[in-house]
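Next, two complexes with chain A in common: one pairs it with chain B, the other with chain C.
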Partner chain A sequence: MAVKRHDGRKWDEPRPIVAKAGVIPQADGSGFFKIGDSTAYAAVYGPQEFHPRKLHDPKRGVIRCHYNMQPFSGPGSRGRPGPNRRAKEISMVMENALSPVVQLEDYPNTVVDVHVEFTETDAGSRCAGICAAAIALADAGITMKDMVASLAVGHLDGEIVVDLDGVEEHHKGEVADIPLAVIPSTGEITLLQMDGVTDPKLVLNAIKTGRDIVAKVAEVQRQALLDRYPADSPQWKALAKKYTEAKQ
Partner chain B sequence: MESPCQEIHGGKTMNDTMKKNFHDALRKGVRRDGRALTQFRDIEIEYGVSSTSHGSARVKAGNAEIIAGVKIDVGAPYPDTPDEGSLMVSTEMLPLSHRKFEGGPPGIDSIEAARVVDRTIRESKAMDLKGLCIEQGEKIWFVAVDLMPVSYDGNMIDLGVIAAMAALQDARLPKLDEDGRPLLEELSDEKLPLNELPIAVTVFKYADQYLIDPSEVEERAYDARLTIGSLANGHLCSLQKGGEGPLTVEDIEHMFDLGVSTAQDLRKHFQ
Partner chain C sequence: MTSELHIQERSIVVPGQVLATGLDYLPSKGTYRFNETIRANRLGLAQVDGKVLKTIPLAGRYLPQKGDLVVGRISDVLMSGWRVDLNTMYDAVLSLAEASNEYIKKGEDLTRYFAIEDYLVCKVTQVTSQNLVDVSVRGPGLRKLTGGMVFEVSSSKVPRIIGKRGSMVTMIKKGTDCDVMVGQNGVVWVSGEPKMQRLAFDTIKMIEEHSHHAGLTQQVKEFLEEVTGREVE
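After this line comes the complex of A and B, so read on.
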C-alpha cells in the first residue's frame, strides 16, 4: 500500500504522540495525551460517593465520563461552552470503551468520575481522550485488567490509513473515519464508530490491519506511567508488595 | 477524606477549630508550603500552547495551572461604540481541575473570576479597542479569552489575569479575504493593540494578618479579600472586595501597597 498522505506519513504511521501521567496534582489520577494537534487532559476523581443513591449498583462501581472541548479548541470561531449532544454521546461511548478493563466489582456503590478536556483538536479527539483517560485511571490506582488504546483507522479512496487528521477527514474523494479502541492483550474492540460510505469488506480489513497498530499506542501510555513511577519509587514498591502478597 | 472540612455552598470550608489553628500559624508567619505570608508562588509562563486558538498561554504556580485561549472573530460593534472592537473574558471552574467543582452552568465563583479579570484588563485600557475597528459602525474585531483551570489551587483571579494577558500578547489577528471576511484558520503577523500590562493581586485578610496568593486550602479560611488591579506606573485599574469580613481604611491602604509592589515583581515574568 503506497498511499500518499499530505503530511508525508506512511499509511500505518500515527502522528507524533506525547503522553504523560500525573499532570494534574489535584486529581486522584491524571493523564495527558497529545497526538498531532489534538491534546487531551484527563482527571480521575474517585472511587467516590455517588449521588443520587438510586443510581447505586451494589455489585459494581460506575464509570462516568465527561468529554468537553474548550471554547478555543476547535477550528474557526469560538465554540459555545458547555455540554452539547455531541459531547454527551462521546462521553457515553468513552464510558463503554473504558469500562471493560476496569475491575468495577472492586468499587460497589461508588462512582469513578473521568473528566476529559481538550485545549486543541485536529480530528481524533475522542481517541486521544480515551488514551488520556486510560492513563489517568491507571495513575489513580484503579484496578485494571489491561490498558485501553485508541486511534482512528479509515481509508482514503480505498487505501487504508491510520490516525486521520483534520485535512484527511475532509478529503474530497472517498473517505471513512473509524475510531477504534482496543484492549491490547485480547485484541477486543471497545469503541467502534464510523462515518463515510464504505464497502463492508474494506471496513473489516481496516479494523483487522489497524488493530495491531492501535494496540501499539498502549506502549506509549505504559511508558508514561513508567516515567511517573520509576522502579525505585515508593508507589511502585507498594504495588510490587501488594502483588507478591496477593500471589501467596 | 479530609475530616475537618465540611461541604458548604458546594465548596469546602474549614471548621472553627481548624480555622483557629490556621490563624495561629499565620500569626507565627507559618504557611503550609513554607512560603512567607506575602510571597507569591514561582510563576512559569509558556506561550503558544494551543494550535487551534489565535493566541494562548499556560501559567503554572505551584500546583496551580491555568491555560488561556483567545479566539478572534469579526462582529458588529455595539451601537454606543461604533468605532471600538470588543473584549470578553470567560471562565469555567472545571471539575477536571479540582474535586470541589461540579459540572453545569458557571457558578458564582466562575462568574466573579471572569468578570474581575475582564474588568482589570478592560478598565486598564491595556487594549486599544479603537485599534480593533475594521469599518466604523459596521465591522470590528471581537476578542474572546477563555480561562481554563487545568489544576485548581487557589488564586484564580490573579493567575487568570496573568494567563489572559500572556495569551493576548501571544495572539495574532486572523487574515481577511478580499471581501473583508475573516479567514479564521489563517493568522496574519499583526498582534493585538496592547499598550499596558495590568496585573491583579488579591490580598487576603485572616484575622489581623495579610496574605497573598493562597492555595485552595488557604482560601477556605479567609475573612476578607481585596483584589487590586494595577498598572506599571502604580495606578489602580480595578478593585473587588470579597468575603464577609469588613476592611478598615488602614487595611485598604496596606493592601494597596502590597498589591502594587507585588504586581511589579510579577510583571518581570512576562516576555
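After this line comes the complex of A and C, so read on.
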C-alpha cells in the first residue's frame, strides 16, 4: 500500500488550479482551466443559427460539445489528430454534464457550440474540460441555473484519493478513477464514470469525498468570472493622449 | 425565518450565486427561487429594487424584443419583402407593407428600395414564441442608413452607451459632431468627419469595455472636452 502520494499531495488534495474567463476575445464566451498538467481552453459560440434545420428543436436550444486533444498534448508520443471514438464519447458525456444547468428553453431552434481544446493532458481532462466549459458558458451570458464543477476521485489500493494524475492512473496495484461533475447548489451529479477495479463501498466513499472537494473547484470558477471584470478605472487619459499627440 | 440580503447593489454575480435568503425577497429577470434562496441565473450586475431582485446581464447575444429600435442589415430579398440580419440567431423579415409609405406594386424590383447589404434603422414590431421576428421602417427616425461606418458592440452594454434618457449618446453626438445610431442589438452606426468617427468609435468601445464602472458619463464628458478642446454640454 502506498504510504504517500508520489508528488507529496494529501489524499484529498487536488492539484494546483488556475482558472480564467474571457481568454478568447473572438468567442461569445471563453474559459481556461488548468489543473496540474491538464490544460483546457473552452470557447462558446452562440446561441446561434442552427444548421442543418432538421436537427432543430422548436421547444429548446441544443448544446453541442467538441472535445479535442492537441496531437502534442500527451506525454511524449504524438497522438493522431482529429476526431476519434474516445473524443466523440467524451463530447457526449460533456453535453450531458452541462445541459442540466443551461436553460436551453430560452433559445428555441438554436445551437450553443462549446469547443474544448486541450494543449496539455495528464489525466482528468474531461473534468478540466467541463470546468472550462462551465466558465465559458457563464462568460457568454447564457442563462444557467448554476455552474458545473468537476473533479476526478478514486482509490489507490483502497485509499480514497482526489484528482488522480497520470502516474496514479497507471498505478500497478488496484486503482479506480471516477470522474465526477456536480451542480454545487443542489449537489446533483451530472457526470459519473468509472474506470478500474473497486467495490461499491469504496465508490460511495469516494463520491462523498469528491462532493466536498468539488465546492472548492466551484469557488475557483466563480473567482475566475469575477476577475474578468477588473476594478481598475478606464484609461481615458491614455486614450486622450493618443488624440492630442496626433494633433501636434 | 428572517430574510437576508447577501449582495450589494451593482455587485457582480455569477450563475448559481445566492443573492438573498428568506421568502420576503422576490425573484425577477435573471434570478430564480430555489427553496428558500434567490439565486442568479446569469452573469451580471445585481440590482435591488425594494424587495425585487434582478440581474443586469454583462454578456450575451441579443434576443429580439417587441418595440426595440435596432440597426439591421438586408441579407436577402424575398418574394414580398426582405430578410434582415439583426446580429442575432433569429432572422427578421421586413414585409412590403412595413417598408415604405409609397405603394409598392406587385412584381416591382425590390432592390430599388433596399438592396442586399443595405443597413437600416428599424423597429421590432412582432416576436413570436418561436422567435420569428417582424421589423418595420415606417415611423419617426426609421430609415435606410447611408455613409458612415458600422461596428458591433455587446448588446448587453447598449443601455450604458445610450445612458439615462440618452444622456451618454447625446454627449457623444455633440462632442464628436457625428450622427450616432445605437441599435438595441449592439450594431452601431456612426457618420461624420473621418477623424471624429474614429473618436466616437474609441469612446464607445471604451464605454463597452468598462460598462460595469460607475460615473462613466462624467468621465466621457471630461475626455471629449480634453480631446476636442471645447465644452461639451
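In this text, the second predicted complex is superposed on the first by the 226 of 248 C-alpha atoms of A that agree within 3 Å, B and C clash if a C-alpha of one lies under 4 Å from a C-alpha of the other, contacts with A are read in each partner's own complex, and residues count from 1 in each chain.
Following the convention adopted for this analysis, a contact is a pair of C-beta atoms (placed from the backbone, for glycine too) under 8 Å apart; a residue touches a chain by one contact, two chains touch by 3 or more.
Bear in mind that the values here come from a model prediction, so they are computed numbers and not experimental data.
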{"item": "Touched partner set for A:39, first chain B, second chain C, both or neither", "value": "first"}
{"item": "Chain A residues touched by each partner, larger count belonging to chain B or chain C", "value": "C"}
{"item": "Touched partner set for A:173, first chain B, second chain C, both or neither", "value": "neither"}
{"item": "Touched partner set for A:184, first chain B, second chain C, both or neither", "value": "second"}
{"item": "Which of chain B and chain C A:117 touches, first, second, both or neither", "value": "first"}
{"item": "Partner chain in contact with A:76 - chain B first, chain C second, else both or neither", "value": "first"}
{"item": "Touching partner for A:107 - first (chain B), second (chain C), both, neither", "value": "second"}
{"item": "Which superposed partner A:52 touches (first chain B, second chain C, both, neither)", "value": "neither"}
{"item": "Touched partner set for A:24, first chain B, second chain C, both or neither", "value": "first"}
{"item": "Partner chain(s) touched by A:225 [first = chain B, second = chain C, both, neither]", "value": "second"}
{"item": "Common ground on chain A, meaning residues reached by chain C in one complex and by chain B in the other", "value": "48"}
{"item": "Chain A-touching residues of chain C, taken from the complex the two chains share", "value": "12, 14-17, 30, 32, 34, 39, 41-44, 57-61, 63, 89-91, 129-131, 156, 199, 202, 206, 209-210, 212-213, 216, 219-220, 222-223, 226-227"}
{"item": "Residues on chain A engaged by chain C in the complex (per definition of touch)", "value": "28-29, 46-50, 58, 101, 103, 106-110, 138-147, 183-186, 218, 221-222, 225-226, 229, 233-236, 239-240, 242-244"}
{"item": "In the complex with chain B, residue positions of chain A that touch it", "value": "23-27, 37, 39, 41-43, 45, 48, 66, 68, 70-78, 81-83, 113, 115-117, 119-122"}
{"item": "Chain B residues within the chain A interface of the complex", "value": "49-54, 56, 63, 65, 67, 69-71, 73, 90, 92, 94-99, 103, 105, 144, 146, 148, 150-153, 184-185, 216"}
